[in-house]
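Below: one structure, written as structure tokens.
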Amino acid sequence: MDKIRVSIVGGSGYTGGELIRLLLFHPNVELKQITSESNTGKFIHKIHPNLRKTTLMKFCSISEIQECDLLFLCLPHNSSQNKIDTFNKLAPKIIDLSADFRLSDPSEYEKWYGHKHARPELLKEFVYGIPELHRSEMKTANYISSAGCNATASILALYPLYKNGLADEERTVVEVKVGSSEGGNKINEGSHHPERSGVVRSYAPTQHRHTAEIIQELSFNKKINIHFSATAIDLVRGLLATSHVFLKDNLSEKEIWKIYRDSYGEEPFIRIVKESDGIYRYPEPKLLFGTNYCDIGFKKDEFSNRLVVISAIDNLMKGAAGQALQAFNIMHGFDEKTGLEFSGLHPI
Amino acid sequence: MDKIRVSIVGGSGYTGGELIRLLLFHPNVELKQITSESNTGKFIHKIHPNLRKTTLMKFCSISEIQECDLLFLCLPHNSSQNKIDTFNKLAPKIIDLSADFRLSDPSEYEKWYGHKHARPELLKEFVYGIPELHRSEMKTANYISSAGCNATASILALYPLYKNGLADEERTVVEVKVGSSEGGNKINEGSHHPERSGVVRSYAPTQHRHTAEIIQELSFNKKINIHFSATAIDLVRGLLATSHVFLKDNLSEKEIWKIYRDSYGEEPFIRIVKESDGIYRYPEPKLLFGTNYCDIGFKKDEFSNRLVVISAIDNLMKGAAGQALQAFNIMHGFDEKTGLEFSGLHPI
Amino acid sequence: MDKIRVSIVGGSGYTGGELIRLLLFHPNVELKQITSESNTGKFIHKIHPNLRKTTLMKFCSISEIQECDLLFLCLPHNSSQNKIDTFNKLAPKIIDLSADFRLSDPSEYEKWYGHKHARPELLKEFVYGIPELHRSEMKTANYISSAGCNATASILALYPLYKNGLADEERTVVEVKVGSSEGGNKINEGSHHPERSGVVRSYAPTQHRHTAEIIQELSFNKKINIHFSATAIDLVRGLLATSHVFLKDNLSEKEIWKIYRDSYGEEPFIRIVKESDGIYRYPEPKLLFGTNYCDIGFKKDEFSNRLVVISAIDNLMKGAAGQALQAFNIMHGFDEKTGLEFSGLHPI
Amino acid sequence: MDKIRVSIVGGSGYTGGELIRLLLFHPNVELKQITSESNTGKFIHKIHPNLRKTTLMKFCSISEIQECDLLFLCLPHNSSQNKIDTFNKLAPKIIDLSADFRLSDPSEYEKWYGHKHARPELLKEFVYGIPELHRSEMKTANYISSAGCNATASILALYPLYKNGLADEERTVVEVKVGSSEGGNKINEGSHHPERSGVVRSYAPTQHRHTAEIIQELSFNKKINIHFSATAIDLVRGLLATSHVFLKDNLSEKEIWKIYRDSYGEEPFIRIVKESDGIYRYPEPKLLFGTNYCDIGFKKDEFSNRLVVISAIDNLMKGAAGQALQAFNIMHGFDEKTGLEFSGLHPI
């Protein structure tokens, strides 16, 4: 079978780098071009030093991009929506890893991003990029918008409960603990190592934009609310979401097990992690570095109807490049795990 | 003025070590004896290496303890309650840093600790050790029970709201992020560095015992509920509590400022930290290493009635030894800051 | 082609876990059995949680091991030498990852390990496990003794200089900076997170046993000396060796480049890393987590004849399981990179 | 007694911040003014958040500096030498914390700093700022040049050996492991947290400028050589120097003990740390955070004449602000420990 010819627009960031790494090892992909306006002509491995001796490709400019089968867009927010026609002329299929096409409702976009969307009529063309929720649409999709990392971990944690109408839709509090790679590779005062090291920084106690995605994906019968906060900790990769859900009915842990197993039992990248002994009883992000897994665990409060759901991902993998590749595999009928086999390291 | 003659029972742990350090530099204290059954006869600095060249004291056994003015008890949980009469014969005043005498209601003790209290009739004799709530009782107290570290950060964050009846008493979710020193100095599989390093470990998603203290201290007119979870992160000292409060009335940030200022404006160890720019906009535990401060900040959700309150302490200082010394100062009429002047380090 | 039937003796440690992971994904290997006396009957993933959903194998006892084509021995030091006959009856080929068969001279073994070797006559049967030095012997070997992690990084850094007689053989100082996984998975006072976190611990300023291997492998015409020290830092995986070599002749950096290129130009797992700009100018262990690379760089002192050679590896990969698998591939005529393709992550 | 009126020029950096903290708590100091051109008019605690509630002072401009008794200069390198006359008109005494006046020989300055010194005739006016070597000169000095942090740890480790002519002066290799605060508070690509976190970065394998100070201070009878390298690790504060010394005579550890005790037995800020058991057998920088100690330990190689000397300091304290204050105390006849009593924290 011919390989799928693929190019990456915006390959110098952390998400772009992760995607390059994955695509170079994908047996059904021919990686054609990778753009970076600030690094045109440089070897890829000057920016992504893990790829030394893996590739001798160089960055090119967007203006040099040639026709191909599919474009991955890894541009900063608010870029894709302004250049989407250009990209669409180059490739019939597009997977956008920015936040530009995640929200289907233009008014929600404006509410959370503070400005009007440049191409509101296109929003409904994009499939939201979580395969566990939208696999069937992905199979025939030409446009996929990759989900936010915090949103991915939160949605996957809550989806079985919300889909089955089990949660009090007004009360859920979600708190994510995130690493520094989530902020991208642009330096700033807050990312200076002596300041950033060892922090427990409340960087978004309220108004985090990923909240909008969570609300969108979990509103089944009526629009729900999610109380979301994000705290940055001394980690580079990985995130843990702790979701405090108030159950309508006082379900047992056994019943909750069944609900999660029914939703995710066949999923290749979801693991239910809940053990009564050992060191790793609940999901642990460090075990997921480099993998596409979302690990999910839970604990029922014995004294109330609160259910604490714990979910972990690698923000650059299941939270970005890995999930985009999973969607790519689905679009093309490949085994969903192709190129995503890495099992993670222990200890790390 | 004569110095207060003080001894420490159980001085080999982290809390005991911190207390030794503080007392050695306190101008009104004569530190007489320090016990450790497993280290009897050893120099203090063999166990607490920061005290090399500061003291040549040695550990003795409990059986050697002599009469003094005040005993600090730093024993493991469930020890003080069984030996309290012995200790009381040695000293008229006692500050207990364990969890034994924190709850005034014996049935609550049994509910959260899983066994009957050995001396339930004494529970009401102990003043709960947060000076900001119980300063006046402390001035004449003979028995003080130091508060739990997670409880201290949570209670101080929520007290102004609960005292003034502003919070929905059923809905508050508190999530603390804690360091490894909270687990004490006993080694275990989970504290092995290759496993513990880099974790975001949900070690107590529900049923954390400190919850009982928070409920006790914040129940003014009726018994409230608190939904508490604790996550261990890659930190040795320090904790951050993020409290998600749902306000009965939709207060502005300005009104909330006023409420906190009214409660804490004169407090020597509470700082309201809330800035609109810079790196350190909200409380940051690493800035508090070695200090007795509790830093508190907050952010009102623009889209709901949720108020996120953020509080940080050093768990071994304001969460243990420092707060105990603050109470000691109050009991004896000393300036509350005596021996607690250290301002913390930056960067760290 | 039939797969090679392989079993692992001692699979519960960090090296064993890494080897399991690699073998499970090796296309030419059938992993038959994995032993652990303390975990017999447990799922592999209870001990190696990264392998959840990858395998449902369980640990068995050594007594249950069946005949196979090759045994990997991952036992603690001083075990293999006492059971080698038993293992040899089970498999014609053995790769031992312990230190038991690394030194070919029994008197050197006794000098560094403090006791007589149980089977000194077998020492010369084992090929020392660094492929870059012993590839041709490996092709026909039945017994391979995997090299020490610190030794591997040091030897690979120095080999081109010593082989070509360029270094003052009495003066080289090697200092390694190592992570906590090097100490294995047994807990101890020094590995307790509050103590081990943030250390710069001189754990072996002198007399490190790996010194003996370095001396053995770099003594070409006469016996050399190496001044070796090891410092433990706040890292789980990875090690960096800094070697201070005093050149007999005042070679230029260009000449040194040529020497390293001549030695390693064709090596699949050695990369010369030396850049004049960018963030990663010299080898960096964190870029190697999970990979089998040894990265080597150098800098010539402008004011003296000192050459500083910097080398980095993942101690569990090129320093243990990865290098063992590389040797396995050579023994069986497989492409040397089979099962070792992972390129490492960035950022991490 | 009247307090000494002191001002700080260049107070926004890490060294300046540490000095502010120390001076605010010094009983014999009146801290008058603190300059920062980029932060004029801002509260000190906006830049040094640990000083919230400790001071309400604000930064002023250099042009506003008034006459005082002593100026501390914390400017970037190559600033003091160009403005020294201006500063000298304002204060009769100056302690310069930059590198400008550390080397007494102008040709050495030019060799290591790459340009001619602006005021070579003044170099000999400054006393090199390590009290353990220059206490008597400091007592009458008006100008002190604070020593480099790496130089301080290295010189104090080696001084007893070199002063007594015991070391082979051509062979010593010194390798320091340093934290990120040593690089100052200016952000750069290499200090971005996702890149800087977890590094073992060979940032100065050769040609580190502090080498010149070490050579200067340890050349007693003839000019010596030092082979110095610096590696940056994942630490904010603190440094450990490992010095590999080749002894002329094969001294026993007992003899070496005596040599160090003779040199440092009376020193308030030097501790010999060398224990045969326990966790902290050698100097450990994390125990020194916030203290002015230099801890020194050693180990003699049993198989050669190598002596490994290990020394640790807090680079911002004994390596900068603390040592400057120690010198200040000596200049003014105060107890050397005044304002430097903090004993450090454990655990941390």
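Order of writing sets the labels: A, B, C and D. Residues in every chain begin at 1.
Definition applied: a contact is a pair of C-beta atoms (placed from the backbone, for glycine too) under 8 Å apart; a residue touches a chain by one contact, two chains touch by 3 or more.
The structure presented is a predicted model; accordingly, all values stated were derived computationally and were not measured.
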- The chain pair with the larger count of contacting C-beta pairs, comparing A-D against A-B, is A-B
- For C-D, which listed pair, B-D, A-B or A-C, repeats its interface with over half of the contact pairs the same? A-B
- In whole angstrom, what separates the CA-based centres of chain B and chain D? 36
- chain A-chain D separation of Cα centroids, rounded to whole Å: 46
- Note on the structure: dist(centroid_CA(chain A), centroid_CA(chain B)) in Å evaluates to 38
- Note: chain C residues in touch with at least two other chains are 14, 181, 185, 189, 194, 198, 234, 236, 278-279, 284, 347-348
- Item | chain A contact footprint on chain D (complex, rising order) | 14, 179-181, 183, 185, 187-189, 191-194, 196-198, 234, 236
- Contact residues on chain D for chain C in the complex? 171, 173, 175, 177, 189-190, 194-195, 198-202, 205-207, 225, 227, 229, 231, 233-235, 238-240, 242, 244, 278-279, 281-286, 297, 299-304, 306, 308, 310, 312, 347-348
- chain A residues touching chain C - in the complex, by the definition given at the top: 14, 17-18, 21, 24-25, 46, 48-54, 181, 185, 236-237, 271, 273, 275, 278-280, 284, 287, 289-291, 293, 295, 341-348
